[in-house]
Structures are given as C-alpha cells and as structure tokens.
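Next come the structures, one after another.
Each of the next two complexes has chain A plus one other chain: chain B in the first, chain C in the second.
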Partner chain A sequence: MHELLLFASVPAHQHHELLQQLAGLTAMQPRHRLERRLVFKAHRKPGLSNARGGTNQGADIVRLNKMLNGGMYYTQVVGPISEPDFETQPSSSGDPDAPMSGTDETAGSSYDYDSQPWKLEFRDIPEAGTRSTITARLAASATLPKGDIVTPMNAWGYSFVTEYVVEGDAFIHNDIVIFLHRVLQYPIHGQEPHEPRRQLPSFRDMSPLERSGSYILQAAITVQDGSNQELMRTASQHLFGLREQLKSAVRLEHADRLSLDTRAK
Partner chain B sequence: MTTPTPDQIKTLEQSRQRLVQLTHSLGSLITSLNQSDPLPSWPSLQSQASIISSNLLTLSTHLSENHELLRSIPAYPAPEFPTKTHGNTLEQLLRTKLDPRVDDWVSRGRKGDTNALARPGSTLPGGGVSSALVGGFGNGGAAGLSEGDLAALWEWAPVEANMEARRRNWGGDFTLEERERGVQGIAAELGLRRTLEDDEGSSEEEEEEEPDEMEVVGVRKSITGSGVEFDIAPSGAGARAAAQEGAAPLVPLDDILRYMTTGVLPGQR
Partner chain C sequence: MADSFTLPLRPVIEKRDRPDSLPRDIAQINAQWGSFRELSEASLREKIEADKNKDPWAEEDEVEKETADLDTSERKEQLYKRRAEIIQFALQAHMEASFALDFVSLLLSKHNPRQAETSMSPFLKTAAPLGSLNSEIINPPPRPDTALKDIKSVSRGWRLQNFNSAASKLLNAGTRLDTEVDAEKDYWDQVLAIKEKGWKVCRLPRDGQALGVQYGFLEATPIFRDRGLAALRRADDGKLVLDKGLIPRKAQGVRVRIKQQDRISGCSKVCRPSQDAESIESRILQARDTLFEEELFHEMMREARILGNQGVTTRQNLVTIPVSEEQEILLDLVDWDQDHALEEAGFSSEQNDLADAISHSIRILLTFAHRQNLRRRTQPPPPLAPKRRPTLEYQILRPVMAYLQHKSHIQWLETYIAKLRRVLEAAGIRCDFNATQFSSIGVLQPSHLVPKVESLVGVFLAPFESTFSGTLITPQSSFRVRIRTNPTIPPVGTFYDISVNLPQFPDVQPLSRVGLQEEVAQAITHFVMLDIAAAISLQNQEGSGKVSWEVAYPHHGELLAVDTAGQSKKMKVSLSHEELNIQTYSLSRAEGFANPVAAKSSLLSYTWNPDTPGPQPSLADFVAQASQT
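Entry: the complex of A and B
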C-alpha cells in the first residue's frame, strides 16, 4: 500500500475559515477525529522475535512479521478516542461536532485503557527523488489487540518513546482524504512517563505542540498497488488538482523527506 | 439594342468597384482568421466587420438606387468578344439562372428578409442586402407601418409578451409544453436557425452538485478555469497580510511532522 501526501501549514486564525471552505468544497460536514498516538522505536533487531500476542489475526501477524523483520523503524500505534474519554467534561473550546456524553457529570472519566482499540501504522521513509513534488511512501496498517499494547510491542522489539494526541477534522473529496489536524501534548508533571497513560487528563490541559495553535492540512491518497505506475500517476494528478483548487486558500506542498524519516538510527 | 450611355456604364463600373471592395475585405478577414495565430484580437475583428458592413451598405444602396437599370440590362456578347480565352466569363455573364450556390444564399437571404419583416422594427442587414441584390423587393415592406403604428406596436408588445410568457412554465429556452411536444419540432416551427441549448439534462446535474454551493461558504468554479473561489476570500490581500503578520506558526511544519514521526520535540535535535 502506498500513500501520496501533500501538506500545508494553516495558521490558527485561518482554521475556522478553511474548515468552512473544505466543507463547501467536499460537500460534507467535517468528521471530528481524536486519536491517541503512541510512538514506538525498534530497539533491537527484531529477527529474534516470535510472534505472539494475537492469535486470531493470522494474516495481519504474517504481514507484521514481514514488516518488522525488515529494518529498524519508528512505528506508531494509533487508538481512536473521544472527548468524553478525557477526565472532565469537554471544555468550551471543544468542537461542537464532537460527540458529547453530556449527562454523566459524576462518573468522571469514562476512559477504559483496557478496552482501548489500537492500530499499528507503519510508514516508510518517503521515496526519494522520483516524485519530488509529492510525498510518496510505503504504508501498512494492522489491527492490534485491545488494551495494554506495550507488552506485545516490547515482545516484537519495540519500545515506547512518547505519546501525543492528534485532534482534527477529516473530509473526503473523491479519492482524497483531507485531514486538518494539530498535535496536542499531555501536560507534563515532572518526568514523562515511560509507558502510555492509563488515564487521560482533562482535555483543557492538553496543550498544542504549536503554541500559536496552527493546524496542519494533510491531503492523502492511498494506492493499494504502489507498483502500478499508472495508478500512482493518476493519484498524483488528483492531488495536484486539489492543490490547484485550494490554491487561493492554502499552499499544499510535499513535506521534507527527512522530517518523515521513520528509520531508527 | 442600344449602346449603353456613359452614365449607365459608370453605374456598372461603380457596382463592379464596390463588389471588388467587398470581396477584398471579406478575403482579408478570411485570411486573417485562417492564418493568424493566435486569432486576431477583438478590436481588429470588429473593425474588419464594420468595414465589411459599410461595404455591404454602400453596395446595397447603390444597387437599389439603380435597380431599374440593372434589372433591364441584358448581357449580349459582341462578335469581337474573345470567347476562346474568356469562355468562363462569358458563360457566367450569359447565365439566365443563378449559380446553385448563389441561389442558396439568395433563398436564405429571402427567408431572413421575411423573418425580419415579420418582426417590425428590426431588419436583418443580410436580408436587406439580399433583397436589394435580388431586385429590391423587400424595400416596400419595411415602410408598411407608419411611425405611429410602430410606436403603438412597441407599446403593446412587451406587456403582452410578458403576460404570455408568465402563463407558461418555462424551463430554459423552451416552455414545458414545448418540451413535451419535442424541442426539434418547435425550433423548426419558430424558424429558429440557431440551436438553442436544451439544458434540462444539465440542470439536473447541477442540482445534484448544489450542496457545493449551499454549504456554509459558497464555492464556485473560478473564472480562470482552474481552482475554485470562495465567498469568504482568504485570497484577499488583507487576509494574506494578516497571515504574514505575526500569526504565522512558530514551529515549522517539518518539525511538527518530525515530532509526529519520531517523537523528537522541536528544538531538541
């Protein structure tokens, strides 16, 4: 599976406007998305690893093994969450489109780490050269068991590095997934923990990585068969088409290849 | 048979000169359309068109002024005419009927002429010219209504047409009744020579796309062809300037992407 990407930086004051424009362009309401992202790093040659931890996902595990035995990479574990998962009620700054629990004031956090679904997202370093005006990279995803993910990841030779939350809105425009998002960091009390948090802090305490509150616009097309040059070319052309359409609002560009370098040194 | 008077020869000579002028300006328009790339600019096309139009007008006046004479003059080959070398010219001169192509033009012109007469107040220049060429039949018709009648007609027609139009259910260029009976037939019936687009089909498509325009912000295709324009325009110079003033992101995009990929905080590399 290949991913073709274009990025743009969106200043905070333009965020609302761009949301409206994208809603107009794609003729859909934004889908609000909140994701926990855990960054893992391969810490030894995973050739020794024996695949265990998921018995009912044969095909996924086979694919994973192939992937993991390749080289040493950073990889991400992604889990969808929602605002009520955060300890307190959603703050007023929350997006009104997000699902609200609203009623259980007393229950506090409804977040249950043990039933948190996870997905492994492997992304290769973007291809060099050939399509320099667009970011293209090999991508693979696999479903992981719920709950505690650190143990199986350790068993595969991956150690936990850090975690953050991605908050944003997704749109679908034909075959393009447009994701307008930003990174939220957990409040740091003393030392950063060495494993994923079992409890989520108040959403209000989450601070954007980019202090001015700017967003990233990411336009992506996923091509199942990356070796098919024809498909890749069509997909690039679609992305360029979108870039033209949005030209008056944002400037979509390919990202610096090294900033998306997932190889672990 | 009498030899033509000098006056008559002068008239014929003038007709010839005006026709030469006309063919010349038509020819130069055709050449410029055929050969210049890109196409000639609007102003130059328009000036050529107005030259042709004034040529037509003078020719038309000339022909109708002298149509008595021109109609009554037959061509008659004199013995000294060089038949061997100018046979074609002779044949053209001795034709009793018009060339089939010319005949087509003339009949089209006549049709235009009758149409123009059916609509008082508007005369098609082509119709006028062709009728003049053929002998000035149409000239009496335009004067058929007095000034007062014309004014009264103009007074009456818009109101009446409007009322008539309101009684019908319009979908574009044709009414719904007409559409049901078949647009092709109607066009023939009305003598429409230009094909009016029956845009019923495309209008449905547009309706499907309409959410595009009904969303929180209007989006429309840019006039320049590529891209879309937004009603609230960030492309405006003001917004762009604001973006550049201070509100710009502090952390470069690349650093954010790097953090998202590897967890390396900006500035820690």
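Entry: the complex of A and C
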C-alpha cells in the first residue's frame, strides 16, 4: 500500500475558518479524532545475526539476515481515544498528573487501558526523486491485540520510545482523507515514563507541541498497489486538484523527505 | 437626495413673438397649393393618407412596369444602354476622384513629398515636379451681414438641439438607472428571501457572475446531484427567474397503481402543485420534487433490471412488479397535471391505500439510500485500486416486494389453517393456533451509532419472519411453521420451515426450506392427520370391553383393531382442508393382507364437513361407536 501526501501549515487563527471551508468543500461535518500514538523503535535481537547454516541454505540465510538486520525502523502504535477518557478524577491524594505505571490508580477514571484497541502503523521514508511535488511513501498497517501492547511489541523486537496524542478533525473528499490536526504532549513531571501511560491526564494539561498552537493540514490518499503507475498518477492528480481548490485558503506542499525519515539509526 | 437639489438640464427656450407668422403661412399655402380656396381639411387629410400609403419604391415599379411591356430584344438593348451608362458614370467618378487625388497629392508634396508621392499618378509625376504647387491662407472677403446672421442663428439652433439631445440622454439614463436600481433591489430582496427560507444560495461554478440555488440532494447519483442547482437570473423588470437549463419544466412524479385481475384497482395520490404556483419558492420546491421523483424512477429502473429473474419487467416508462397470481404493481413516471383525466376514467379505488403506502415506502427507501450514501461517503475510503467500486442498486423495490410477498404468504397460510380448523371443529376437535406476524419487525435494537430513523428503515431491509404455531389433539404435540422472506441475499423468496413435535411418532422429521405452498399444505394436513390417528388410538385405551385401535400404517392414516372374536377391523382417516373422513372396514385376519379389496367391506363411515348444517357427532362419539363390537 502506498500513501501520497500533501501538507500545509495552518496558523491557529485560521483554524476555525478553515474547518468551515473544508466542511463546505467536502459537504460533511468534521469527524473529530483523538489518537494516542506510541512510538516504538526496532532493535536487533541478540543472537539472530550470527546464525550460520549449511552451504545450500546460504542464500536463504543471507536474505533472512538482510531482512532482520537490514533496515531498522521506528513504527507507531495508534489507539483511538475520546475526550471523556481524559476526564480523570483520581480520588486518592496522589498526584493526578503523574500516572505511573504500576500504581493501580483506577478509581474514578473512565479510561480503561486494558481494553484500548491498537493499530500498528508502519511508514517508510518517502520515495526520493521521481515525484518531487508530492510525498509518496510505502505504508502498512495492521490491527494489534487490545490492552497492554508493550509485551507483544517487545517480543517482536520493538522497544517503547515515547508517546504523544494527536488531536484533530478529519474530512473525506472522494478518495482523499483530509486531516487537520496538531500534536499534543503529555505534561512532564520529572522523568519520562518508560512505558505507555495507563491513565490519561486531564485534557487541559496537554500542551501542543507547536507552541503557537498552529495545526497541520494533511491530505492523504492511499493506493493499493504502488507499482501501478496509472493509479499513482490518478492519485496525485486528485491531490493536485485539491491543492488547486484550496489554493486561496492554504498552500499544500510536499514535505521534506528527510523530516519524515522513519529509519532507526 | 433627489428632492434636495434639481438642476434643469434642458435649455430654456424663450417664447418668441412671431408677428409675421400669419402672412408667411398664407404665402406658403399660396405657393404650395396655388389657391387658398383649394385647401380644406378633407383634402389635407386625403393627402396625408396618400403620402402614408405611398410606397417609397412605387416610382421604380412604374418604370419596371413600363419595361415589362417591351419585348426581349428591346429590353436587352436597354439593358446594354443602362450598363454603358453606369460604367460611364463610374468612369467619370473615378476620373474625377483621380484628379482630386492628384491635386491634393501635388499640393501636399510641398510639405510632405515622400508620402504624397505614393498617391500621385505616374502621369502627374512626369508632368509636374514635386512641390510645384503651394497654398496660402488669404483673408476671405467680409461676409454680408445677412449671411452672418444666418450662420449665427443656425449655430444657435444646432447648439440648442445638441443641448436638448444631451439633456434627454441624461434624463433617459437617469430613469433607466432608476428602474435598474429598483429591479436590482427587487431581485436581491427575493434572493435574500430565498436564503432566509433556508435554501442554499451560491455562485454558479461555471458562470461566476450568476447566483444559483441548490435544491438537489447531495447524496444522489452524480447526474441527479449536479442537476440540483439552478441559476437565479433576473428578468428585465427585476423578477427572479429560476433558470433550470434544459430540464423540462413540467412537474413529474412516480405514480403507483395496483392491478388486480387486469383491472386497475388502486392508484396513489396525485401530488398536485400548490396553489401559489408562481412564487419562486414553490417553483424551487417543484423543481426539487421533480428531481427527486426522476431520480426515484431512475433508481427503480436500475433495480428492476436486476430483478428480471423475479418477474419484474420494464418498459420505457413503466415498471411492472408481480406480487401474486392476480396482483401486479405498476410504477410509472407521469406529469402531475396530466393524469387527472385518467383518474376520472373510472377505475375502482378500493386499493388506493395500498398504492399510497407503496408510494410512500419507495420514497422513504430512496431517502434512506441517500443517508446510506452519506454514511459511506464520510467513512475513510479504501485504498485506491484499479477496479472501481461498483455503484450498487439501491434497495427500493426489493423490500416492498418482499413485504408484499411475505404478506400474501401469511394470508394464504392463515386462511388455510382457518379452513383446517373449521374442519376439525366440525369434528369436535379443539386445537389452538396462534400466529406472530412479522416477528422480525418491531425488534428495534437501539444503537447510538445509527439514528433511530435509519435503524427503523433498516428493519425493513432485513429478512422478514413470521411464525405460526399450534397445539394438536394429543397432549404435548404441537407444530410450528416459520415463514421467512429474504429481500436481497440469495436465495431470494419465501421459504417455510415446519417443525413438529409428535411424541407418538418420534421418527417424523421437520421439514425445512419448503418453497411451494402445496407442499406446505400437504405437510401440515399430514401432520394433523397423524395426530388424529394417534388421538384415536389413545382414546381407546380408556374404554373397557371394546376393541382398541392401534395405529398400523400411520402415514396412510390406517388403524387396526382386533376384537375378541378374532375379527379384525380397519379404520382409515383421511383429512383435507375441506373435510375429514373416517371409514372403518372389517377384514378377516387370514386373507386380509392377501386380498384386501375383496376382504373389505365398509362398516361405518362418516365425513365431517364444516358446511354441513345441523349438529354433527364428534370424532370421539364416532370412534366410540366404531369400537363397539
């Protein structure tokens, strides 16, 4: 599956107006989305790289090694949440904004970490060269088990790095998903936890990553088969059409390739 | 503002006293008419009339008339002569023009030799050197006073005339602007009125100068969606005109008719255009309704084509749906104002309610389809693939058909069971039947994801289910018939599932997926007959000193009894939905099976028929009688 993207930066004061414009363009009400995003990093499992086989299996082993050790990527695990999930009312005297894992402080909280659905999202580094006016990258996603996700991810060779929340509104315009969003960070008190939070802080305590409060407009279209040139062309034409339509409001552009690099170094 | 300061634009014309007007008029009349006596009002009027009627080309016609009399050779000669004359005139004109050109060129060549040279004739170039002619301004001789006075009055007249025309032009422009402003004001007032009523007013995508009103349905098929936009144009007088382009102006709608045995027995109500047909609002409404109806018919046609395997036929402007053997539904798109005459043509209206119900349901189903489209459109789309998603036919006819079909099956089964019950009651057998019709409807699972309206319609798109159950004569035995009609997912159609609980006959298996009504009828009668046979055998055990009947061949309804003398008797039960018949035969044990026909001799026989008047003996009485040795 391939993903074609265009981005635009939307200053905070334009946000409301753009929401209305997009609602008019797509003839639909915005769909509010809140997502927990956990960042995982692939790491080499010790002992796999020095597996040596017989000579007749050499080619296979080489290929397997290449697959296992060739590219290491960051991946994201995405879980949809809703605003009520943030309304934590801890009855205990503990600090509400430091939900440490392990302290079973579930009293009053509507958020249930153990039934949180997850989805794995893998995004490759955008393709170089060919389509310089559009960001195209390989994309794949898979549904993951609910609840505690760190254990299975560790077993697959991924370690937890950090997490953040994405808040925004999505619109659908034919095949294009327009997502006007911003990144929210958890309030930090002391040390960053090494595991996903089991409880969510109050929504008001979440701070935008971009201090000015500006939003990112992302127009994405997914293509089943990235090797089908015809389809890729159609998809990028759709995106360019949208760019033309939104020209007077925002300027959609491709993103810097290296800023979307997901390779783990 | 206009009142505050007015500026006279027309020049003020002084009234001149004309002391000499009369003598001048008399002189003119004398010159024109000869004598004053010949002038009268009548003659003047005649003259005016004559001038009015006179053809400006009449004189030429007269000439032509003359020429027509001449014969051809003379005409030819005359033609040549005329032609020569024309040519001569032309040549002369040309010559004079050349002279004038030469003259002017020579004159100019003094100051601008190069340019003047180009327009000089070659002869002049050789004859006269360039710049040999010059001109100078000389003082003209002083004009006489009379000429000066003339010029003065003429120029004064000219100026007055120009002022006049300028003034009238300005005033015209003023009034034109006035009316224009009024018209614009009217137009915008009306546009605002439309907007305030909640219609979506927008700029036309193709024609950026014009305004449009959107009345179509956003979720309709693209061809109909794009037609739901009409331009709001302004007539010259400021009236708002709804410009729908090439769409026919007539109001159209889908009409539902019910045909019962080749006779129209019901027609849906005609939606008449409102009284206030001229107001812009009602015209927008009418345009919207017509669009909706056209789309409805279009979608029904599309659906009807895939329903060919279920007997649905389409003509150019007609969809025919068979409901049962004698009932058909006709759907067509008609002009609303056209079918009044047809209505009066006199068909019965006993099934108007059904037709109205159908016409409402198909409209509800189309709007439901629109809502589904919105739902689908606002979901994240699947990845772009080479194969486009096919646009599925909406479910408009199928739920209606399934409902009607289901209903007719229920009615059939109900009447059948009622008949059977009457037969049984005639024989004094009590049995209970109860029916749960459309048990699938009415089970509405509330969900916060789907609005209540949509889940309500959704129920009608699911398979319909009804159950009939009844208890039989012997205790603990019962039967249950489940009717299911599936509108969309194959196998479409109505199926019966019959489950039966007969403790006496544990090997009797339930029947499932029966499609034919005859088979269902047979099965039910058979099960009831089995139960009657079982009941007879059970009843006998109570009595003492009588023969006891035992079920021998249950599926043939035969029972056997052996009395004390070794004489064996046979009882045969036969049941149909019209009557119950029980016969007993005596047959000797020895030859009974070898030659049953010869051995048989009927002892007792009774037929229970619900139509027989008077009291009838009950089954129990008859069996008791038959059991007597």
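Note that the second predicted complex is superposed on the first by the 218 of 265 C-alpha atoms of A that agree within 3 Å, B and C clash if a C-alpha of one lies under 4 Å from a C-alpha of the other, contacts with A are read in each partner's own complex, and residues count from 1 in each chain.
In this text, contacts are C-beta pairs under 8 Å (C-beta built on N, C-alpha and C of every residue); 3 or more make two chains touch, one makes a residue touch a chain.
Since the structure is predicted, the reported quantities are computational estimates derived from the model, not experimental observations.
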Partner chain(s) touched by A:Thr222 [first = chain B, second = chain C, both, neither]: second
Partner chain(s) touched by A:Ile172 [first = chain B, second = chain C, both, neither]: second
Touching partner for A:Ala235 - first (chain B), second (chain C), both, neither: second
Of chain C and chain B, partner touching more chain A residues: B
Contacts of A:Ser202 with chain B and chain C, given as first, second, both or neither: neither
Chain B versus chain C as contact partner of A:Ser159, first or second or both or neither: neither
Partner chain in contact with A:Met1 - chain B first, chain C second, else both or neither: second
Contacts of A:Ala27 with chain B and chain C, given as first, second, both or neither: both
Doubly contacted chain A residues - partners chain C and chain B: 27
Complex interface listing, chain C residues touching chain A: 218, 374, 377-381, 383-386
Residues on chain A engaged by chain B in the complex (per definition of touch): 7-9, 11-14, 17-18, 20-21, 23-25, 27, 37, 39, 41, 74, 123, 161-162, 164, 166, 183, 209-212, 214, 216, 244-249, 255-256, 258-262
Touching residues on chain B, where the partner in the complex is chain A: 209, 211-213, 215-219, 222, 226-230, 232-235, 239, 242-243, 247-263, 266
Sites on chain A touched by chain C in the complex: 1, 27-29, 31, 170, 172, 174-175, 177, 221-225, 228, 230-231, 234-235
